[in-house]
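Below are two complexes that have chain A in common, paired first with chain B and then with chain C.
Let's turn to the complex of A and B:
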């Protein structure tokens, strides 16, 4: 009994340490967002200080306002997520359920696109977008983001479709439903959790992307990941503003996570008899 | 590069308010009187009217000042200018992609002097000499190219041809706590030995005061920035007998000095510091001296951030064992993209000439309406202008004399090997220095390994 208690305490202690290590950078960054520049640099580090909203005020309403950049990030991330999901759901369903020649290989091919280091494909992408006049446009960036978000989404969704029992679809077919109607009315509600997880990840990847954005964007499209660098100039790092921008950039993702969490849990618990597979 | 008594808020407000109010500037500043100093040049400023050029710059107050004045250029020439701000770490990559693909996306960009050899070897940018010599495009007596700091021009010159006109730049000098030095009767170091003994005299980690700090983080523009100058001061040659060499006794001596100083007198964290980190530490009073770009003066004099305002002294880079001072220099210059159509090349040249001219340099620095005055002006005559000197000397004791002395006498055009392979050399050397600093390898082994890696690249 004693041993069990000790084990529990140890386990809780270790988990607590991991949690601390995980949460500390975020906590510290948030704290810095409310500090003056001198308080950020103070030694010993200040835990008690007079909080100020000056950094938020500057980054939101000052001359370097990041609001247009947040708008850019929203358009890109939402656009990428919508197009990805519209294409990925039928593709993943087909991979999971239809008998098409070369299906095995097409699945691998989709995965293989994820193996290319992004830096190696920037130049071809740049050339293609330049030739079609899509540099520094939303459609251009979204198109390029699809190249990594679509395979990822398909792979994630396939496993959810495979988990569903065939019997549900067969029952719907017997009732006279078409395949699309079955997908829409019967299958999708069952994989709501999977769709929610996929949406979160696709949105997150697009929201945080930097490498492609810095090369393919310009003055018109300027996501927040790039504008953040305005606070790390060659002259100095403006720590509290950088922290304020980071906090603001984190916020939409956190909100999305909280909203999606409900569906994720529901999707995982509610539902049908397990036991599908790939046909 | 920054204001007299710069505050963060002011730096940003001035630079960026200027971007935000182009309409006001158009109406208020681009009057005939404003254009008069340019119209006295005997060239037709409107010969490329109707062209549109795109200029890539980094986010920095000195470029913000230029962007603020761009409506004057547009009114003068009829050329429209579109600026794009790109983070400093990415501008090289983006410019190279644009140049490689011959997309002509950027008519000109804030260019790294170390890249001109690569640009020139691939004919990505134009030699600017024909533009300077063409009387229809340049009024030589008005533009006075010789007034532009020769060290920066040399840095942008490859095989006798100028490829980028410097707009703003820096030079590396000694920065020290005058109050601490005075209290101990120390003087700014004349030699590297003095520098070490000053650092030793003040080093007191138990009271959170370290003798010095030098850039420690690995990178072509970081630890290599300091090491290369030391290498040259210890008598190192990049191409002894025509063969590329980064190892040998001089290299080892230089690296030993660097490693020794960093281990004994710098905070351990400095192994990962770049210059903003050093300036931050100095501004908090924890570092007694450092050697770095003169432009960090704006940060250590920022009253919102710094605790050492009014306690700072400046001096030239200490002499090495060879008796030479070799200061590292830097400038952001403007080249002309070779992929542009002819008329746009002319438009780009007119922009470069306007940006680098004395009136624009004055208007973006001490005459600038906002508080973010530039300290990196490109003209010797401005560095000797009493109004500008008065403004700059508020940075601390001896600031202008140290900076100008270094700019005129201490720079060595070959302080880094100016060859197309530079990006690879810089990265390899950075790794070697870092390995020696953190004790992963002896200085000899680290440099020998760098030599072994670089030799095939230099042959190819």
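Let's turn to the complex of A and C:
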């Protein structure tokens, strides 16, 4: 009896410690966003303070407003998501459910493109986009984002399409529906959930991307992850404003992450866990 | 891919004669499939394969944005220079240490935590939600938060804890010997939840009756872990290792925001060196050769891992 109690206390202690370790850095930076500059700098660190929205007010409505950066991030992420889905859904449907010439190789190709180091892609891209004048443009950045979002989306969607029973299409064909109609009216509604999860992931990845954005951003296209640097320099750090910007950059992905909570493991592994994966 | 039931596979078995309607349908299906795939594959080639070829070509050139008049074809000179470049070898070493240590830590911590949570009757959802947070956050933002609010000397929480514990204040990111350790910790912090979630999902899917049988045979918890859990989890563990290795090898944003590769070259992984060479020192030709080296390195490492995965 005593041993069991000790084990329970130990279990709670260890798991509590892990929870704290994970949540604390996020919690702390969010908390700092509601502090005044003096409270952020207080030593020892302050847990109890009078909350203020001054930092948010500054970064949103002040002279160095990050609203354009947030808009940039949204345009890039939504644009990437739309283009990716329009291209990926038909391709994934064909790969999963139709007889495709060179199917195995096509699948392998999609997988292989996912392994490329981004730094290798950005160098030639930079040269090409510079030559056609697409640095600091939305079309340039959305195009390069396809290099990672497209293989990911195709792969994830294939795993959802494969789960559908074959009879579904068969029945539609017998009723004389065309293939396009079958895809649009019969199949797509069945994989709504999978499409939604894919949308969430493509959006998240585009929102979080950094390397391409650093190289290709300028005055017009400057996502919020890049604009953080405005608040940190060698001379001084604007602590509470930096915390507010981080909070705003975190907010959309945290909301999406919690909404998609149940599906996230599948999205992260793309069916890799079940019995050691495809291929 | 193998378990996909294709329309063609069914129709194909009956196909024989020339004017066979089944075969005609098959041909139409192929064309339809090709039409559905074409736009995505053209986009993929344009955004991945073509740049890669371009990269290979650029790596055979001298190309300096600062001195364009010197540009020209130099053959394998960049690669020859690379082999004698101590900074390249140092970056390769840092990449290896960074990748190996973060992957090992993630798997061990993730597995331990998955076992812990799997045994819980309540509170699993709380862990799942908390675990998702680091994973969905931008590595750039994570890096910035750690660099400022956690690690700044005499201000950050980690430093405060270190002082309170009597370990003294440290320049966590400015001290070359501590900087690599710090970026490893940050990467591990962000991605252990990934290993945890995948391994927890696999644990939950293990058949209960094997453990029942083991209990009847009076196997100790440790025995059933080593003899049952580990072998059954092996595919998932190997998959986690492969995926995490690929991501660690291409890690960029967090190190870039936290240390920028510094102090000196203490945290300069191969990625960062290729970036700095190309876009800070504007030596694109040599940077391309570095990126090709990184690509080869990635292929070799993933090749080894996939080979290990097949070997039992």
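The definition used in the following text is that the second predicted complex is superposed on the first by the 233 of 279 C-alpha atoms of A that agree within 3 Å, B and C clash if a C-alpha of one lies under 4 Å from a C-alpha of the other, contacts with A are read in each partner's own complex, and residues count from 1 in each chain.
Note that in this section contacts are C-beta pairs under 8 Å (C-beta built on N, C-alpha and C of every residue); 3 or more make two chains touch, one makes a residue touch a chain.
Remember, predicted model here, so these are calculated numbers, not experimental data.
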item	value
First, second, both or neither for A:264, with chain B first and chain C second	second
Contacts of A:101 with chain B and chain C, given as first, second, both or neither	second
Partner chain in contact with A:185 - chain B first, chain C second, else both or neither	neither
Chain B versus chain C, judged by how many residues of chain A each one touches	C
Touched partner set for A:41, first chain B, second chain C, both or neither	both
Which superposed partner A:7 touches (first chain B, second chain C, both, neither)	neither
First, second, both or neither for A:19, with chain B first and chain C second	second
A:135 touches, of chain B and chain C: first, second, both or neither?	first
Contacts on chain A seen with chain B and repeated with chain C across the two complexes	41, 43, 122-123, 126-127, 214-215, 232, 237
Chain B contact footprint on chain A (complex, rising order)	36-38, 41-43, 58, 62-64, 122-123, 126-127, 130, 135, 214-215, 218-219, 226, 229-230, 232-238
In the complex, chain C residues that touch chain A	1-10, 12, 26, 29-30, 32-34, 36-37, 39-41, 43-44, 47-52, 54-55, 58, 113, 116-117, 119-120, 123, 126-142, 144-146, 148-150, 154-155, 157, 160, 189, 193-194, 197-198, 201-202, 205, 235-236, 238-239, 243, 246, 249-250, 252-253, 256-257, 271, 274-275, 278-279, 284, 287-288, 291-292, 294-295, 298-299, 302, 309
Chain B residues touching chain A - in the complex, by the definition given at the top	1-2, 8-9, 11-13, 15-17, 19-20, 58-61, 82-90, 93-94, 97, 100-101, 103, 105, 208, 276, 279-280, 283-284, 286, 295, 298-299, 302, 304-305, 307
Of all residues in chain A, those that touch chain C in their complex	11, 14-15, 18-19, 21-26, 28-29, 32, 41, 43-45, 87-88, 90-91, 93-101, 103-104, 106-107, 109-110, 113, 115-128, 143-144, 146-147, 150-151, 154, 158, 162, 166, 169, 179, 204, 207-208, 210-211, 214-215, 225, 228, 232, 237, 239, 242-243, 246, 249-250, 253-254, 256-258, 261, 264-265, 268-269, 272-279
